[in-house]
């Protein structure tokens, strides 16, 4: 059994981790911390867990965490980097679901996240947690920086085209939309039912924090600096990300075959049959990214569509997938839940 | 392994059965029938099942079904009663999710369901599939008539009070509300997003078909004919039933203790701590009914609140629970999924 | 032209007042106050008003308000009572949309609203702003305490039965449900999309603040102290209240005729034809309460259904209706907008 | 008073026309036809109209329609073209909300709409009903072909850039999303609450019928054949279209000034202040298209966002706007309703 701790379990990625880990046969949940809710039962805050999780939130305490084999950080950015270095020294491995260790360039991080990084020396060691790209490095990592929700969908969507070298890399467009749970469990007027439940809008059009993360990842794949226009939108629903990607084709290629081939052996990437388009509801609660590719009017613009549950393949499910890899388990253990439809 | 067939798998209780049974370790799904969709892959209709279910719909065929140990009917009412008698004779057991075998009185059935019953001789043999009432009879049954969605919530809610004999049985009120999935997967204007997604209304106020079923069940529990006013409402969401029950207290009683005691050993009924009220989201996708009881202003009206996922504890989950009982499995096998929240 | 001011215009009743008053031909909007948003354009906060309202929020200032003929308070409770006495002395009339002046009994108010009332001497003068009950007193009032959202629906629903004296007044039940906008424009986790948009629950079961208001109003109508069990629920939508009312009949009566007769001359109460039940979407954005009455199974429980838009007939529309009466205008001026359906 | 008839009033554009025309001071509604619902009161089908519209549906009858000054066709495509020629000969003018007269090229029409056009000789006479482009031609038209919902948003969004000649016209991208009401009031499983209310997906990726309409309009504006990739998506809400448009800049230009200048005198196009992005809720129920323009990272991709209510500025409101122009009324008469927010 892997002894697991969670730091910051009162948000949506926290409760989703609890849902997945409570049912994971190889995990023993030993601690979940929250300064604000210390002493409160987890299932009092999240009543879906009644009967499945008897833990209480405890105050963050390094010695408890140090006794774990693995600690997940499900905290806002700027938190994990304060205590991860110390924890790693005790031998505990870390999967960080926040953005703290996703960018290799500390200056870039500082520019997008509003201040200097607390432990830039760890940025080169941290392994970017997108198993479809970095499976082997994840296996041996002390510190995994889980890919962000938008970045997962956008990278999985563009990757086969970039690997194949068949698109113009300077004019990529990612038009993406996310359910409101992506904004976290914070008391903000913008995310009230009365503001966001019968509405659709773009946001962060001038520049979203996931842009440098996506550009870093796609440039790695392409072997050259790519350029992306990324416009996120807010959907009037809770879970789900849909990315619609556009690129200019520079070579003839069988797109359907390219995608099926690229993801043939991936347990959590599903290329739909030709002519079907993915729906967010087909992945609600499940750790899978479903993809489709099209070439409208047979012109030279290729369109890729990718869906995922932002809290599962876009966050907590991906984190558990990384854990399975790190601890040499079957990658699918605890992640075979079927999406809830309708 | 139990060899299982499903008749009529293209509706919402059908896809929910598939979700639950695909993950059930003791079940081998051998056939799912649909006249209209014969030859189509199940996961083409329900893309959440991609990677989990390789079956195709087949035309209804008695010999295939007769080779099963158990057949679920997930059909509209008036269908199962046409072929169940013949199937039972082959030794195959049946769990009917429709209303065909829920009422013991064939005349009452005919009055509410618009025509004579096709096999009234089976009505007395059929066991009403509410495990919290009929667990033992279910174990030995050839034919189980799964309790309806509203009836499950209303009966579980009123039962402790009626057993204890502490309320006036002639003035019961059940004010209930259901998500739209309860109306089934049928092309009806009334259930379009543009009609029902930003709306709330009562319906069937003059008399809903679940009324005689509930009155039959509650009268059995009470040991006398009870009288219920039942007003269902349509919620602008997909899954979930919430019942708010009202009764006049005729004796002093510790309500919280009464409920906790009554359901102490039930794996799928959860009595909330005093002062907490159930939410439909706490049971989304899970086979559990959560209950709370209150006595506002300490007056003589008791209020009970019950929630369930109408497709799980109100239909397909309950059917699997009955199957587990019938085949002497642990009642919880395949039913331990945690509700999806948020 | 009536010179109108609004205190506290940054909430949902505030923006709804602005929508109605901007289009009202007899109103000149002269000031809208907000301490927090002073200096900000109103249409910057509420973009639906772009092109319709050029005002800026100003800090609360008694002299500006004193220059108005009428001031609406669209503030949380406990605010209006601090400054209304002073304002009334300047000759300005007041319509308070909060609960500060709705209860005649200062002790009762203190018990339900968490502290002593700031100007109990005004409680007897304040006219309860439900035009269908108090039209004449409203006409001459200096201070109108607009009826609450739930109280409007529940009182309009029960009134014909109580006036006719045909029900048991000690066992009234009001099962009501409201859209989330009723909770106001406040940053609270409970009202986030991810918490409340795919959920249904009862709340304040032990006692909601609208209970004493409703009991006061219904007792006035009945001429005796009535007793009500009131259970509010939270709907996963923005606008709309639906009340389902239950009472025991004590006399034979033609219910449909009773309701049609009672509301024959009311411009904003609509009794549906027999056998139709009201839907919240039929009143979205409109100043109307639609009602229906039923007697299921011809038993002795009568069921009344009432719907309204909580922000219009349940708040701001009702306030404008009161204004029209106070200033001797046609009661419907500015209130003839048709509900938005779908 | 303009005597107005409506053909096919049982859909969503029909009820929206009724909402707008019932309140229009210069219109006398004399007939609304429906074969299926003849004899039924309009407000029985659409309860929001109770108290505002006493009409009954009548069977389609040319003599009644011929007595009108103007007839709106709110029918599916393929219907208007059957009877419009005959009606025009009687001197009645026509505004067609369907697609029958939007394309000038009969062969193109036949290819996209599945069969030959019934009166190709009228295609050149029909005026494309987008007032911001064709105001003068609309004024004198006998037959106006109202612009489609997506085409309105996409054309208003791209127009300033194309007029200014500052973008590459061969790589335009329109990523658009619509509420479900755009799919009409038809009994289709795909648009049920349980299918579409907690979901987001692209559809018609290989080619949507609005593509040739948009390309025709944008090519007219550009003075050359443009090329567009158009991917529509289905939003889990009722009303609202959001278009996110992408183009490659080929010249330096002050984008904000360009847009403000272009639409300075348009009553129903609103360019937001720099740095604000439009929200669909800001136009719910209102006849306005709100626009914003951005240049992320100051790179060479320009992003335009446009929102409209698909049933108002995208259909019935635009039709009334055209009517006002045709009958020499102030263009805003009957169209000054403020969007419903929240």
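A few points about this structure:
Read from first to last, the chains carry the letters A, B, C and D; within each, the first residue is number 1.
Throughout what follows, contacts are C-beta pairs under 8 Å (C-beta built on N, C-alpha and C of every residue); 3 or more make two chains touch, one makes a residue touch a chain.
On a predicted model such as this, the values are computed, not experimentally measured, just so you know.
Pairs A-D and A-C differ in how many C-beta pairs touch across them, and the larger number is found at A-D. Ranking all chains by how far their C-alpha centres lie from the centre of chain C, first place goes to A. Averaging C-alpha coordinates per chain places the centre of chain A 45 Å away from that of chain C.
Centre to centre, using the average C-alpha position, chain A and chain B are separated by 36 Å.
One simple way to say how far apart two chains are is to compare their mean CA positions; for chain A and chain D this gives 39 Å. Each of the following residues of chain D touches two or more other chains: 12, 181, 185, 194-195, 198, 236-238, 278-279, 281, 284, 342. Every residue of chain D that touches chain B in the complex is listed here, in rising order: 12, 179-181, 185-189, 191-198, 236-238. Residue ranges on chain A touching chain D, taken from their complex, read 171, 173, 175, 177, 194-195, 198-203, 205-207, 211, 227, 229-231, 233, 235-238, 240, 242, 244, 246, 248, 275, 277-281, 284, 292, 294, 296-297, 299, 301, 303, 305, 307, 342.
Interface residues of chain B facing chain A in the complex, by the touch rule stated above, are 12, 15, 19, 22-23, 46-52, 181, 185, 198, 238-239, 270, 272, 276, 278-279, 281-286, 288, 290, 311, 336-342.
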